[in-house]
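Shared between the two complexes below is chain A, which pairs with chain B and chain C, respectively.
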Partner chain A sequence: MENEATVLNPDPLVVVDNLKKYYASRQGNRKDSVVKAVDGVSFSIGAGKTLGLVGESGCGKSTTGQAVLNLDRATSGQVFFQGKDITQFKGKALRYLRKEIQIIFQDPYSSLNSRMRVRDILEEPFKIHRLYRGRELTAEVEKLIDMVGLPKNALDKYPHQFSGGQRQRIVIARAIALRPKFIVCDEPVSALDVSVQSQIVNLFRRLQTELNLTYLFISHDLSIVRHISDQVGVMYLGKIVELGDKQAIFSKPLHPYTKALMSAVPLPHPETQRNREKIKLKGDLPSPLNPPTGCRFHTRCPLAQERCKREEPAWREVDAKHWVACHFAEGVEEGVQ
Partner chain B sequence: MIKPNIETPQLGERNTALPLREKRLKFWKRDWFQMLPFSVIIVIFVIVALAPGWIANHNPNLTDLAIRLKNPGFHNATGTYLLGTDELGRDVFSRVMYGARVSLLVSLCSVGVSGIIGGLLGIIAGYYGRIVETIIMRLADMVLSIPFLLLAILTVAVLGPSLFNLIVVLGLVRWPRYARVAQGKTLATVNQDFVKGVIALGAKSGRVIIRHIIPEVIPPLIVIGTIEVGLMIIYEASLSFIGLGVQPPTASWGTMLSEGQQYLTQAWWLASFPGLAIFLIVVSINMFGDYIRDRLDPKSKRR
Partner chain C sequence: MSLESTMQPINKDDDVVLAVKDLFLEFDNFDSHVTALHGLNFTIRRGEILGLVGESGCGKSLTSLSSIKLLPKNAKITGGEIQLAGTSITHLPEKAMKRLRGNTISMIFQEPMTALNPLIPVGKQIEESLILHKKISRAKRRQRVIELLQSVGIPEPEARYHQFPYELSGGMRQRIMIAMALACDPKLIIADEPTTALDVTIQSQILDLIKDIRERYQTSILIITHDLGVVADVADKVAVMYAGHIVEIATVHELYDHPSHPYTKGLLNSIPDLTTDYEGELDSIKGSVPDLSALPAGCPFQDRCKNVSEKCRVQNPQLAPTGHADHFVACWHPIGDETIGK
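Take a look at the complex of A and B:
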């Protein structure tokens, strides 16, 4: 594993190496069209740390999350969890692995079976792995609901009797039931009210310290990623374009796409907001069916030159622990202003 | 899967206290009250089907050409003919009672057979997808494309006409309808996050199907089943009519309908009373099906 992943985290829990997920597209009469949803993604996450994965809709964030957990089998590449390549796991081994790795989905409304009481929902992980019975099981479930800050009487209600934030707490309770080490949070607060978002993010942080959890936190909201992450990866069209420590990314973004994302976050002060430099991206995300040649971002990049159309930028370490894929990373600071 | 980052509208905590207007409506919305007439009809139907002799006052197959085609209410020394007599002088009332047994047996059994076959095949097709789905669903299309009567004649020709064979034929012919609905519902359910979440917890396929998919698939199947019960009564009638179903002189509503239609201008009661019986039971079963579907849905207001 000779990549940035190992360099960023000397003792990683999860290492993703050149992960690819392609989908065959049968649209039209083109037989061999392939959607490269995730096209060579590598990163690592240290134990107890959080990697924030940002990018706009359709860039492959969620696909990455599901492929990392082997919920969606990767086309190629490897995912090492505690040193073992889990992309090859099948059957019993895979089911056993599920105790260690969990996922939380975006929509708390469809994440819970509406026909089951909360108690049954929370008992299910234990029943699947035959862990507790009778009184022990009840005690464990009550402990869970308490950990996510819901009252015990919530157990005998149905999911539809709860608000979005409360439902997401139930989803989190189920995800931590088996005491996993690693949780993929796939836009877990995007569907919630802003006021509830911070509560849930704080819950994630509290559980992280209490249970020593490692998160892959997928989001399109930079302020939330800034709040929760230790490291940040920026995805564009199936590739990570910038990766580094949170401070490095937020204080000195090197990729023009990262800069554009940052400038889209509103600033609290109206005057600074009015007077700041804003980078507006032209057009939409290109189709992953037919990604642009060279640098994938060149069609929308304010700095794009001839070279960007021909040559795919190399993945290089520009600053210490700050990786970027752009020909002009050093010039981003000046070039944009 | 790539998801659009659309903010889902927030639903607040539901108010559990009922407003006054709803309280007033509550009495009328009570399940038992709404369902009472239909439940009564179904219970009567089941009792009649199980023991027609308790209510019928004549032998349903006793012919007496001297009293053929008598009006409802006709009575002589042997007793009252409440719903009149048919072209062979048999008591229509008794025949309707005895016919209930055949109709209930054939319709419920064939709906059960086709519902179970179709439901299971549909779930398997929807869950496993790929080649399994192709085989099952194309098979369903094939069955649908074979003319029903042709298949019925074929089966009866091979197996011989009997009540059991009638049920087999109807079951084999009608399963694609359930299979299609079950497959669609399974596909929709499998793609929901809660199923993915359970798979992510390490659940085996069997658990996912039994605990999470079947409860989702059953309610729409029940609704189809209740509609099919009516259709099965009609199908039984048409098969009996061409001599492939219930053999005369055994009374069934279907055979009574088809025999009675020849005399419709002279004796309206021959076809009307079995028709009325079919109508009542089909409506009742449909209403009951809707009710069961609502009861199975925890989000329904009827609970």
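Take a look at the complex of A and C:
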């Protein structure tokens, strides 16, 4: 379970080592075509820390999250939780894992059963794991709803009686019910109104401190990721192309894709936005069915040379604790301005 | 008070492409009447880009659909007026509206896949609106379509002409939509969340294209979005909507530098800054967006507002000048000048 990424976190809670997840193609007729949704991803997350995972649609963020949870068997690779390889877990061990690891999805509408009252939704995990009963259970559920900032009377309502932000609070309450150590958050604020997003981001951070939670925080919103993460991984077509502490990633990005991604985010201030230097990427994301040879980014990369088409760049520690896969990473400078 | 008189002091008619005046819209369901738009006022001039921002359900799409009169069956304009290039279209019959749509005024939607016909090659679809609105020969039409594809940055336009929507990426499809919108040299393009479904790297290409179109053709553009970054990038003027009201309208620099409505200010403050590491709590607006069918009397923002007073609970503030040029706000206690409206 040693990999470069463990250096970032000497005492990691989660270590992912060369994780791969391949799917048979959805675009039916071509038989043996394979989508390499996640193609050799490695990282670690320290206890109580947050790793932000960013990248454009289809780059494999959700697939990584699912595979880390062992919800869906990985094609290959290992995931260590508290030092144990959970990809091999079965039966009782797997049940234990379901208590320790949780996931929160983007859509608070579909993740709650509309026919259950909030009280029943929050009692369910305790019942499944036979943890509390009677008055103790009631007290525990009331404590939960309070922890996510909702009033007690919310317990007797149904999900549809709440706004999107409130529903996401309920989802969060359910996720923390069994006091997990690790939560995969897959775009947990993306479906919310802008005026509500920051409330929920604040809630995630507060709970992290109170409960010493560890997060894998998946998002395409770079400003939220910068705010919430300790470390950041940038994905492109199934691979992590850059990984490091968030200060390093944002103030000194080493991969041209990271830099382009940052400069494509429009800043909410006209003067700054119009005058900043922008890197424009040519063309579209290539098909994951048929990723480019060599460096997968070469078809859009402003720095690409002949070598990039032929040779896949090595995963290198270019600065201390700052990894990147690019032949010309030394030519990339400056973060977001 | 007449907003029109304050906003358009000189050169009143010629340059105004779209004028929306005191527009009210209601939904008429079996059991309820819901007022969805509460007296909207704004204008767009020739070559101007107006950004309309607001959160989900505040009435942005209804505003744009009103402007081309493509409203749902149960929706009715119950007050006010819409003028397109100086002519009122409020009571224009559908037949006449059909001549305007895709011609003088055209529209770009968020999801090009649903707006495009999946069974017809994209080039043909662009040609359709030329057939409908322009009397030109077949060869000329073909040539015009190729030009349009080129002008929206589609490589190998001759080959793309024959492709079907599913063969193109999301960004390419949005370019096709834009080419369709441009086909008949419209005076006004309405773009409803044109980049929301796209990745940021593609979004930035499409926003550049939109700015470029304005430069080249002096087209007026109404762009609808919930992203304050998008507005900061493209718009000249911004209207902020909240629960069916325009609560603030100003030039883009003025709005971001001196937000006047507590809602605008709250929104801007709640976005984490991409350019710095900030460890503290984010500012946020308490509560959530109200249901249009259960708006309180008085100001629609009162339950979430830091500046709320008794007056706000009784009287709904109307858009009024802030004292800065071209800047209007609907608030009894705006930021920076708590005396306005008293």
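Keep this in mind: the second predicted complex is superposed on the first by the 325 of 337 C-alpha atoms of A that agree within 3 Å, B and C clash if a C-alpha of one lies under 4 Å from a C-alpha of the other, contacts with A are read in each partner's own complex, and residues count from 1 in each chain.
Rule of thumb we're sticking to: contacts are C-beta pairs under 8 Å (C-beta built on N, C-alpha and C of every residue); 3 or more make two chains touch, one makes a residue touch a chain.
These figures come from a predicted structure and were not determined experimentally.
By the document's definition of touching, both partners, chain B and chain C, reach A:Asp193. When the two complexes are overlaid on their common chain A, residue A:Thr209 makes contact with neither chain B nor chain C.
Within the superposed three-chain model, A:Met262 lies in touch with chain C and out of touch with chain B [touch as defined at top]. In the superposition on chain A, no contact is made by A:Asn153 with either chain B or chain C. In the superposition on chain A, contact of A:Gly164 is made with both chain B and chain C.
Comparing which residues of chain A touch chain B with which touch chain C, the overlap comprises 57, 163-164, 166, 193, 220. For chain B in complex with chain A, the residues that touch the partner chain are 1-5, 7-8, 10-14, 192-194, 196-204, 207, 211-212, 215-216, 296-299.
By the touch criterion given at the top, residues 55-56, 169, 171-172, 199-205, 207-208, 226-233, 252-253, 256-257, 263, 266-268, 270-275, 277-278, 281-286, 288-289, 304 of chain C touch chain A in their complex. Residues 37, 57-58, 60, 62-63, 66, 69, 71-72, 94-99, 102-103, 105-107, 109-115, 124-125, 128-129, 158, 160-164, 166, 171, 174, 177-178, 187, 190-193, 220 of chain A are the ones touching chain B in the complex.
Interface residues of chain A facing chain C in the complex, by the touch rule stated above, are 56-57, 163-166, 193-199, 201-202, 205, 220, 222-224, 226-227, 246-247, 250, 260-274, 278, 280-281, 284-285, 300, 336-337.
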